[in-house]
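Got a structure for you, questions after.
The chains carry the letters A, B and C, assigned in the order they are written, with residues numbered from 1 in each.
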Amino acid sequence: MKKKRSMAAARKIEGYCFLLPAFIYLLVVIGYPLVYNVILSFKDTNVKNFKAGTSVFIGLDNYITLFQDPTFLLVLRNTFVFTIGSLVFQFTIGFLFAMFFSKKFTISGPVRGLLLVSYMMPMSVTALLARNMFGTTEGVINDLLVNIGLISAPIEWLTSTSTAMIAVVAANCWVGIPFNMLLLTSGLTGINQAVYESASIDGANGWQRFRYITLPLMKPAILSVLMLGFIYTFKAFDLMYIMTSGGPLNSTDVLGTYAYNLSFTQYEFSLGSAAAMVLFLCLFVVGLLYLKLIAREDD
Amino acid sequence: MSKFWKKIVSVGVAFTMAGTLLMGCGGSSDDSSDADSTDADSSESTASSSDAKEVTLWHYFENEADDLEEIVEEYNQMQSDIHITVTYVARDELMNQYTIGAVSGELPDIGMVDSPDMASYVSLGVFEDITSQLEEWGELDKFYTGTLSSCKDSKGNLYGLPNNSNCLALLCNMDLLNAAGYEDVPETWEEFEEIAAATTNAGDNVYGFSMSLIGNEEGTFQYIPWLYAAGGSVADLSSDKSVKSLDFLSNLIAQGYLSKESVNWTQADAYNAFIAGKAAMLESGTWQIASLDDDIADAGTDINYKYCFLPKDETYASVIGGENFGVCTGSEATDECVDFLTWFHSAEKNGEFATRSGKLVVREDAEEYNELIEDERFAVFSDAMEYAVARGPHESWPTISEAIYTAVQGAAIGEKTAADAMAEGAAVVDPILEETPLPEQ
Amino acid sequence: MMKTGYFKSKESRKNIIYCIIALLIAICFLFPLYWLISMSFKTDVESFGKIVTYYPHKFTIDPWLKNLQDKDFLVSLKNSFIIAALSMVISLLLGVPAAYGMGRYKVPGSKGFLLTFLVTQMLPASLMLTPMYLIFNRVNLLGTYFAPPIAIAAGSIPFIVVTLRPYFKTIPTALDDAARIDGCNVLTAFLKIMLPAIKTGIITVLVISFLNGWNDLVYSMTFNVQAEMRPLTANIYKFQTKYGTKWNAIMAYGCILVLPVVLIFVFLQKYIVGGLTAGAVKE
């Protein structure tokens, strides 16, 4: 009995040893910034009182200010629209690509490799490329659409509040699809082909095989892809900052760009931190949801 | 099991060693040891032996970087109190460094900043109050008030010196104007609109006018002349005259004389449109003169051009731009840095720098040293300075600017009327100005 | 393999159809990439011209030369590589064991750990700049090659943990026992058996953590002001100046930035293909 207990304890310590270095590292590197921003969000620091150091704790006032500001609410809405819109397309298409390119045909490997290029490009270049392509009069996308006959007049992608977000989501998907494809591919290959074979023998068709074998077995991979995708997309910054500067009229402004603007352009440090904390809280809730979902499959 | 613990201990020791290593080795490399790479021909600074203090200067000059470095090197050679090392930092990054530096205290000794931004940084404590040293110098009264005011705080203390100035004027493609039947450049808003209408050719994708209405300080910069030309002002955005100025511009867009894409164009993009022959008139800045001929040659569009004032409504108007240099707080060589600044901004040196870098001077007695005055293109800008207004100075100028360009964009893309847009802008700006008013122009 | 009767076989017909579909997908999806490349060979005028041209009418390698002949090019290349390699190494050294610990051990509080890992991802980078700067200043890491990778790795590590954890979970315990029987201790078992078992996953996170470092701009620029420590990504400022947005040079710069990574990836593609055909777990 004693040996078993100490073995279990030893195993626990082993586990911790593998875990702790990363954990401590992150606590140190990110912990301080997190606490810094939390504290700042409860004060009223801005350019006027910064030098004198006379900023005081004002509790939740910053948050109240933000939520009473229609621009902030628009930004919040934009962030969700952008994230969910991007995820839906990225994930679906990424999954389809992952499944398609898992089939073994001659050029599947190289083509899949090529598709990853859009993910590898630095976001600054992608944003500029997208800005160039979505131009109203000189943009190649309008040119193509008009020539193919899908539209009769050029769409004012980036100068109209109704279409700017669509352009930004499209650009983001171009980058995100390979990412999803890559991670989902790795998950797909983990499924033993034998399972499919025995299912076929039992008379399952393609759709049934997908629904009852692929999806369940892919659940961990799917959950991680969605969770990570949500976090990265939700706090996106570079793309809209460079492509549209959050415009026109805040139609592509998201929490990331809004917080940056508040802190670094308006010098409203506390408001900026508060906006970042709102972003954080939203993600925290989603994180809790993720934990709940994987808990079920862990047991 | 003991083998296992040995492994754990060794891993732990490795981490600790790595940690200490990281802590220790970072200290030596800082700005001063990089003198050789940034300064073209400066000798390696041996900090131990020479008494010259190491001074860092951060700037975001692009084309003018070489001119700056040469002048700094000249100063380095002629005295041994300080040795200045010049580092280029991209503009956005430099502004971030100032903001972070306000918190961390890590700032260069001398920093360059865009004139409307300086007031905020002064408020944040980035720049040092050098009023007494500058007043001792005694040449402050020679500076143009508009440019000098951008270096002051609300109480009138000085934190630096303006280095150069620029303003906006109208650049006309005379070939296109002549082809449309106009021999002369426009003087009034009516003439301007007429010419814009006549030179617009939708089929050829040619617009009558090109300007930048982008959603950042550049957009505000380009809009201000129109605001003041109509008799409006930043302090009274909701007045009829202010609204009229915005109405005028959004009407140009609605009629197709000005591209709606201008809300996403930088001034450089608007300039490119003109160079490519896609616009008959351009709201152009002084800094664009230097490369104008080369760019036209590269483009092969062979444009005959002419500069004139931006058209007037109630009055002629333009806007002051330019960069300032300030001494940052926490410098260990403040007085020596001030000495450098006063040397750099003496009448002769200011004129010399302006000539070499293609800019306007900031003090009236430097005019005679600026050979560019003989160039009639620069003369237009120099004369336009008489009507040019300064932006701010105000510590919350970025917020005011944001309200302005948001209003402009709203009307420009046609989603708000000019009156509504300006009313919203005024709602943001008026309370700010009530608390801390703008200084008199 | 081409044999007589190739076109009659159902398998090969399927193959051809798949290839065609793949090519169509590639053409549509990669069009922006084509655009990027073609713009990089256009003259200034053409890229801002009155009509949209689908291939350079006036072919020029000027934009490429502007990039490659830039005196700082090789230095920036070296810097990018150092920062990317360092952040990859740090991320892997810390992240992979952590994923292993979470995946194969029943550690109490693992939920809390996982949540903490995720939480560290939830702040936008821009607002971490100031406090991180303060930390690095305190430990004198500013202006060294270490500051950006440390910040970047903090972003890659949770990604590695979340991604690899399911992989480690699916390794059958049979391997554990086999390792024990062979006399491996914990560390050897980890290195010699577990890691190779999830080769695909390791390579995936390796590539992505390298990319995170390679494509970084904000951390490298904020913590290192000196010109000679700047990575390639900083060059974008050279072409987006007050004097114009040089589209063609930017596009050339984009191609150059992607090229080394594509090359590295092409090399590793072999391992990935090998890993895929063998399956995630060696029987």
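Please note the rule applied: contacts are C-beta pairs under 8 Å (C-beta built on N, C-alpha and C of every residue); 3 or more make two chains touch, one makes a residue touch a chain.
Just so it is clear, the model here is predicted, and its values are computed rather than measured.
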item: Chain labels contacting chain A and also chain C; value: B
item: Among all chain pairs, the one with the most C-beta contacts; value: A-C
item: Chain centre separation (chain A, chain C; CA means) in Å; value: 16
item: Separation of mean Cα positions, chain C and chain B [Å, integer]; value: 36
item: Residue list for chain C, restricted to those that touch at least two other chains; value: 48-49, 130, 134, 186, 245
item: Residues of chain A touching at least two other chains; value: 14, 17, 21, 263-264
item: Multi-chain contact residues (two or more partners), chain B; value: 4, 96, 99, 205
item: Interfacial residue positions of chain A with respect to chain C in the complex; value: 11-12, 14-19, 21-23, 25-30, 32-34, 36-37, 97, 100-111, 113-125, 128-130, 132-133, 138-140, 143, 174, 177, 182-183, 185-187, 189-190, 192-193, 220-221, 224, 227-228, 231-232, 235, 237-238, 255-256, 259-260, 263-264, 272-273, 276, 279-280, 283-284, 287-288, 290-291, 295
item: Residues on chain B engaged by chain C in the complex (per definition of touch); value: 3-4, 7, 22-27, 29-31, 34, 37-38, 58, 62-63, 87-90, 93, 96-97, 99-100, 103-104, 106, 204-205, 266-269, 271-273, 276, 278, 287-288, 291, 295, 298-301
item: Chain A contact footprint on chain C (complex, rising order); value: 14-15, 18-19, 21-23, 25-26, 29-30, 32-33, 35-36, 39, 48-49, 52, 54, 93-95, 97-98, 100-102, 104-108, 111, 113-128, 130-132, 134-135, 150-151, 153-154, 157-159, 161-163, 165-167, 169-170, 186, 190, 200-201, 204, 208, 211, 214-215, 217, 233, 236, 240, 245, 247, 250-251, 253-254, 257-258, 261-262, 265-266, 269, 273, 275-277, 279-281
item: Footprint of chain B on chain C - complex, ascending; value: 44-45, 48-50, 129-130, 133-134, 137, 139-144, 146-147, 185-187, 221-222, 225-228, 234, 237, 241-245
item: Of all residues in chain A, those that touch chain B in their complex; value: 10, 14, 17, 21, 47-48, 50-51, 131, 135-137, 156, 158-161, 244-250, 261, 263-268
